[in-house]
Amino acid sequence: MENMQEITGVLFDFARTGRIGLPEAVFCQGKPLNVLIDLLRRFSSGKPPILFTRLASDVWQGLPQDARASYDHDALSSTAFAARMPKNDKGKVAIVSAGAADAPVSHEAARTLDYLGITNTIFEDCGVAGLWRLARHLEQINDHDAVIVVAGMEGALASVVGGLCPRPIFAVPTSIGYGVSSGGKAALDGMLASCAPGISCLNIDNGYGAACAAARVVNLL
Amino acid sequence: MENMQEITGVLFDFARTGRIGLPEAVFCQGKPLNVLIDLLRRFSSGKPPILFTRLASDVWQGLPQDARASYDHDALSSTAFAARMPKNDKGKVAIVSAGAADAPVSHEAARTLDYLGITNTIFEDCGVAGLWRLARHLEQINDHDAVIVVAGMEGALASVVGGLCPRPIFAVPTSIGYGVSSGGKAALDGMLASCAPGISCLNIDNGYGAACAAARVVNLL
Amino acid sequence: MENMQEITGVLFDFARTGRIGLPEAVFCQGKPLNVLIDLLRRFSSGKPPILFTRLASDVWQGLPQDARASYDHDALSSTAFAARMPKNDKGKVAIVSAGAADAPVSHEAARTLDYLGITNTIFEDCGVAGLWRLARHLEQINDHDAVIVVAGMEGALASVVGGLCPRPIFAVPTSIGYGVSSGGKAALDGMLASCAPGISCLNIDNGYGAACAAARVVNLL
Amino acid sequence: MENMQEITGVLFDFARTGRIGLPEAVFCQGKPLNVLIDLLRRFSSGKPPILFTRLASDVWQGLPQDARASYDHDALSSTAFAARMPKNDKGKVAIVSAGAADAPVSHEAARTLDYLGITNTIFEDCGVAGLWRLARHLEQINDHDAVIVVAGMEGALASVVGGLCPRPIFAVPTSIGYGVSSGGKAALDGMLASCAPGISCLNIDNGYGAACAAARVVNLL
Amino acid sequence: MENMQEITGVLFDFARTGRIGLPEAVFCQGKPLNVLIDLLRRFSSGKPPILFTRLASDVWQGLPQDARASYDHDALSSTAFAARMPKNDKGKVAIVSAGAADAPVSHEAARTLDYLGITNTIFEDCGVAGLWRLARHLEQINDHDAVIVVAGMEGALASVVGGLCPRPIFAVPTSIGYGVSSGGKAALDGMLASCAPGISCLNIDNGYGAACAAARVVNLL
Amino acid sequence: MENMQEITGVLFDFARTGRIGLPEAVFCQGKPLNVLIDLLRRFSSGKPPILFTRLASDVWQGLPQDARASYDHDALSSTAFAARMPKNDKGKVAIVSAGAADAPVSHEAARTLDYLGITNTIFEDCGVAGLWRLARHLEQINDHDAVIVVAGMEGALASVVGGLCPRPIFAVPTSIGYGVSSGGKAALDGMLASCAPGISCLNIDNGYGAACAAARVVNLL
Amino acid sequence: MENMQEITGVLFDFARTGRIGLPEAVFCQGKPLNVLIDLLRRFSSGKPPILFTRLASDVWQGLPQDARASYDHDALSSTAFAARMPKNDKGKVAIVSAGAADAPVSHEAARTLDYLGITNTIFEDCGVAGLWRLARHLEQINDHDAVIVVAGMEGALASVVGGLCPRPIFAVPTSIGYGVSSGGKAALDGMLASCAPGISCLNIDNGYGAACAAARVVNLL
Amino acid sequence: MENMQEITGVLFDFARTGRIGLPEAVFCQGKPLNVLIDLLRRFSSGKPPILFTRLASDVWQGLPQDARASYDHDALSSTAFAARMPKNDKGKVAIVSAGAADAPVSHEAARTLDYLGITNTIFEDCGVAGLWRLARHLEQINDHDAVIVVAGMEGALASVVGGLCPRPIFAVPTSIGYGVSSGGKAALDGMLASCAPGISCLNIDNGYGAACAAARVVNLL
């Protein structure tokens, strides 16, 4: 148990990297401000490097300067880290998204991969209502080792990519939409029901999880 | 009220054709056998022509010979009629379906159009996991005046057709599928949430309704 | 691909008008302010004409004057455009709504048709609890080429119009209501389950989609 | 407690008539055959009169002759009783139904009223897709003291009746339908969300409950 | 049609009182402020008397003085009227509620009855976790002609009252609660599924509807 | 791991009794016949005693005589065992049920307790529509150490017992009912939302689980 | 009825302690401020001791000083009381929680037990993604008389504890999570469906209820 | 298009193997018998090798001998093939299942991998209520390149494996269970909401899809 430490009432598991190849992350949404500030201060040295997710810009702006100083915060993805993991050159990941509104989720995936030291490329605006948007990029997408597909509304992009790309595909539904697609349930069900074989899904808006799933693949190579 | 008649306890509205352009149909599922037999006998002359829907083969086989004699029953679509409406040459309808399992619904639409005297063509096996299947037929599909899209699972076919075809598009989700797509809810929500503009939807498995919607368009021309 | 341009990270598809007869629109809800401002500035010349939907008054009021200058913004429907498409005289569309609370949706449909150059008329306050309200207008409604029905609560208006009007009917449920009808699900299910034949449905509050569906009909004539 | 008796392991509450004006009934669905047979034999004298509901024809046919001898069983409504309550002349009840498929529920209501000694009339096939069907009967319906509306699909009939009739209205959704209306949920939500004021609802297919609700009104007069 | 007037774009149906015995009401929630102000000014004379529901205190406080002057606004029930209907002495209504948190709904029912000129009494804090609370009032409750039961959480109060009271009972679930009872769905389903015979239900939080349902009963007497 | 054995491909955990005080049980529903027969034969000596649950009568009747010989099978509860656990005199359990239709679940609880050697009493037909039914037994119920409440429909019995009894109360919703209560969801939500403090719930129809929960209490004494 | 008093329109039941061993509590969420202030003032003497739950910090801060003076308010659990019940030495309760985000619920349980005079210990951060976290504490947890398990997300902690601990286990799902676990439904269903025998569940976020359930067990000892 | 052939009205895509590395499969459930027989006969040579899934034993038994002759049918997994794909030695897959009832799904995954020529091992009966069952196999599981986790009920096994194993993990919920877990929704939501990072999910009961997802990983190596 020597790899575990209790910090601000939160028990950290620094052995996790060795065990499952994925270091600890802090999910900030809903955490009390004082806990958040203590955690940021504690890991400001970047040793070990810790990823903070769901750390919204308005919360970030309100934190004291010294807690924020050493961190790189990204507003679009609501993520922050003081240091990255060592470069992981085993493979690279493509992130394909349907529209501009999915950017917070696709960028959460990208930033998590950045933090994990894994090369990644985002291909935005590939929604299926205009298939040539995807077709332009297909060869380049297939040149990656794993593919994350991010889409809201009806989530049909996952089925189309699944029929054109041989790589492991991790589909992330987003909560983008209104009426029946409000909250992401229609996209999730569409992705789970996909007629293309071997597509697997993450929870709604879970860009972090998709990056971890892709990292599990890259770590195999 | 001279166009209405009460037959076997069911009140028929023979004026409907004049009012909304669509004649009366009999939804057979759940109707008691004796009511069904009386209705079939009553309209066996084909004057006026009446469409019977959801008349399953096993029910049909069990009916007395004289009730069935003058009817053309189609097992795949579970429909029957003794006579068709006069030929309607104003336009024609394309029916695009995702897979063989959607055939009962796509054929219910086709048979309803047959009965309404409207020319129609079925394009089967156009599921989006293999886009070239649809691409082969696209020019021919666009040569019709209205398009019915029939798909189960995640229903992504409607979005893809919607981005490639300028005609009025009526999407019919089917109850094909298991797990989250069991019963057709995932396909329905996917079609309602479609990112392609101007696609409208029917209830799950409602091939008859889609044909009526397309007929409303053809009757305008 | 010469008809596509990448603007502010959003890829525009100017060839869509030719392909499906419906030009590109910008769904503003959830878009970051800076993206919105860039897009408004870029299309302020009205060439090509672009429709902005779900652009709420309070967002609009906060935008810089130069971004707003050349646009016609409508508060009730939350839409804006700098120029309209050329007049489309092929047909005209009736919009029938149940109550005053449905106005944002019925006016989104009307404004989209305005932008598409298609003549349209709104018939408000036709809820079925007072059938004479609809009866007054029926002859005039049937004089249009397509009918959009907008209703919340239980959505029964679609069934009643469907039994009295022969035109293509596009039903739009609204999120008006509380308890079981909160969010529009009761109206949507009621419209999908309608006992009147050939009514097709759009997603909840999707006035824009209904206008596009009606435009697909008008473009056929 | 002298009005209570334990019969076949089921505790009967013969004082209920005095307390709430509605005598005990036996819901047969799911009851083991031997319990059912014991109960039928026990009350075969018709003293006190007991109503058996959800007693399907195929179950009934399989019961021993002596258990069935003194009962009047109705196949359509799946009800049976050996004797009725004394004639209740205080008022009368109208039962308005949308279509022939709703007959098992509307007749369960009618038979329950028969058993309670209350005069009732069924008005069938009044679905809103053909409003003149209802209009023909309106004056006669309004001549009753309470109105039960029975409808499946989207349940719009309740809203229309609610806008035209001043009596207490009890709406019963039926499980008739497929897709979104399968099981009766769309009709139930439509009736609860009705835009007509003062309509109250029963559980899906609960014709017995609607009759009891109407009886509570009649007992007041 | 001489009894209808179009005011501020809202079509009023002043004949409704004659037709169904219930005058027109204005559901204020979601209505634009300018429409609301016009309507209040128009009916400030109290001729005809109009009921405004869901007119929350914070909205009311922000309205101009002259629009509010002649009205009696009640903060707890969010209702207002300038005049009441003539005294209706035919019957009286009991309103039984489970807890203090249900007061906005039980008082909406009470104020609607006040406006309709019908005598009513509220019995609060009768929740079933303490049955003696209800038992104290039972005799007095049964002395009324109709009973409205208002309850959130699991809604069990309706079943208990239903077994003890012979009057017409209108159950109103409230959106009080958290977890599974959040939004009122558990209370609604509990009331619809009630094992006590002849209880009918209104939509969640619909105190106005319950008062109208009770008024339909009182108008019969 | 010496307490574990692999039998017919199912790994048994005979150490469980020591660890959590509850021996292993076999959930038979859905198990292939040959696996079931092997297991019955293997444990026919009653050493160790094993409980078989959801072993329906029709399945049981079809098993070979030698597999059934040493077992006591109970048709109502669908349970079987060849031997019981040693008598557990630490406490006793009351099982209160709403109606005769809940008997399969209340008896599954009773038989599980029998098998565990724990004294138990069933109090049937205590539904809240007739409160005196419960009142008769209250003193006797409170004389037990734990109380299991079994009810379908709206599940209100749990709230009422919860307000009158100080013991640990385990509520089991049953799938008895139709419409909104079909499948037991209304009863489950009603029990979870109960306004009586400290009632905890089991899954729908889980009489076995409730008995185990009560046994955990008895084992403490 | 001498143990009941009506205070500020809320009827208190001071006999409850005698009847079910659990004194009255005030659920503050949604109560009007003036009612809350009156109640706090009335019970400021701590005789009888009353527990206030769901009394959020921002509401508490806004209350007048004299209403708050004699109370101990805890921000994390949103609870307050002026005095505790007499020390209850019969048993002690363990509270095991999955993560820091569950603290408001686990502390509501702890504070309720504090108020009831029952000794309790919180074991935080025992989520199943790191099983050694739980393993460290297992022996100590099993040394308590009842165990409350608090977890959001997928709620798997309850199953794991259920397989390792023989005590009565009360599982409380929390509304922590996003996507499918938003609102706590996934955790609730996971806990109800748990494969470990004899775990019973409370409503989502109901720490108060779990403490009452555990107190029912302790009161038995 | 030379790699496509139309057989029995079903269009086969023999180029798929080249494009996404996964050959075509036939989902048999719901296909008409005559279509099934034609397909079996057509591919009886095993060139190309085709996998038939959801081909239940009772359907299989009823097929003509010549259609079945060259096939290897497995009753537990409901799969059949006449020939396998060439041996794929790039990697191997572990299949971890919770209980014996999940065998049809875990074996569908295993058989699909067999057909794809990929080595695989099933680890059964690893449910989390007995953690040592999993612990025994952990080292061996981690020696595989991808892990498929199959579980019903609450699906907690996926979270536990996710915290102990660094490989790509594909979670398959099964429809095993009753009450809230009936149909597999609780397991699916639990797996999607898992607190262990980087677990991705398939549709309920989709063992075939999980095998394809794992094959996408193996094909990368």
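Which chain is which? They are A, B, C, D, E, F, G and H, in the order written, and residues in each are numbered from 1.
Here is the rule we use: a residue touches a chain if its C-beta (ideal position, glycine included) is under 8 Å from a C-beta of that chain, and two chains touch if they have at least 3 such contacts.
These numbers were taken from a predicted model, which means no experiment stands behind them.
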{"item": "Rotation angle superposing subunit D onto its copy subunit F by C-alpha atoms, nearest 5 degrees", "value": "90"}
{"item": "Subunit G against subunit A, contact positions shared by both copies (same if over half, else different)", "value": "different"}
{"item": "Chain separated most widely from subunit H, comparing mean CA positions", "value": "E"}
{"item": "Cα-centroid distance, subunit F relative to subunit G, in whole angstrom", "value": "27"}
{"item": "Chain centre separation (subunit G, subunit H; CA means) in Å", "value": "44"}
{"item": "Centroid distance [mean C-alpha coordinates] between subunit E and subunit A, Å", "value": "49"}
{"item": "Subunit F: positions in contact with at least two other chains", "value": "130, 162-164, 179-181, 188, 192-193, 197, 203"}
{"item": "Those chain pairs that satisfy the touch definition", "value": "A-B, A-C, A-G, A-H, B-C, B-D, B-H, C-D, C-E, D-E, D-F, E-F, E-G, F-G, F-H, G-H"}
{"item": "Of all residues in subunit D, those that touch subunit C in their complex", "value": "98-99, 127-131, 153-156, 159-160, 162-164, 177, 179-181, 185-197"}
{"item": "Residue numbers on subunit C that touch subunit A, as the complex places them", "value": "1, 4, 9-11, 13, 16, 27, 29-31, 35, 173, 175, 183-184, 188, 203-206"}
{"item": "Subunit E-touching residues of subunit D, taken from the complex the two chains share", "value": "19-22, 25, 91, 145-146, 162-170, 188, 192-193, 197-203, 208-217, 219-221"}
{"item": "Subunit F-facing residues of subunit H, complex", "value": "100-101, 124-125, 130, 132-133, 136, 176, 178-182"}
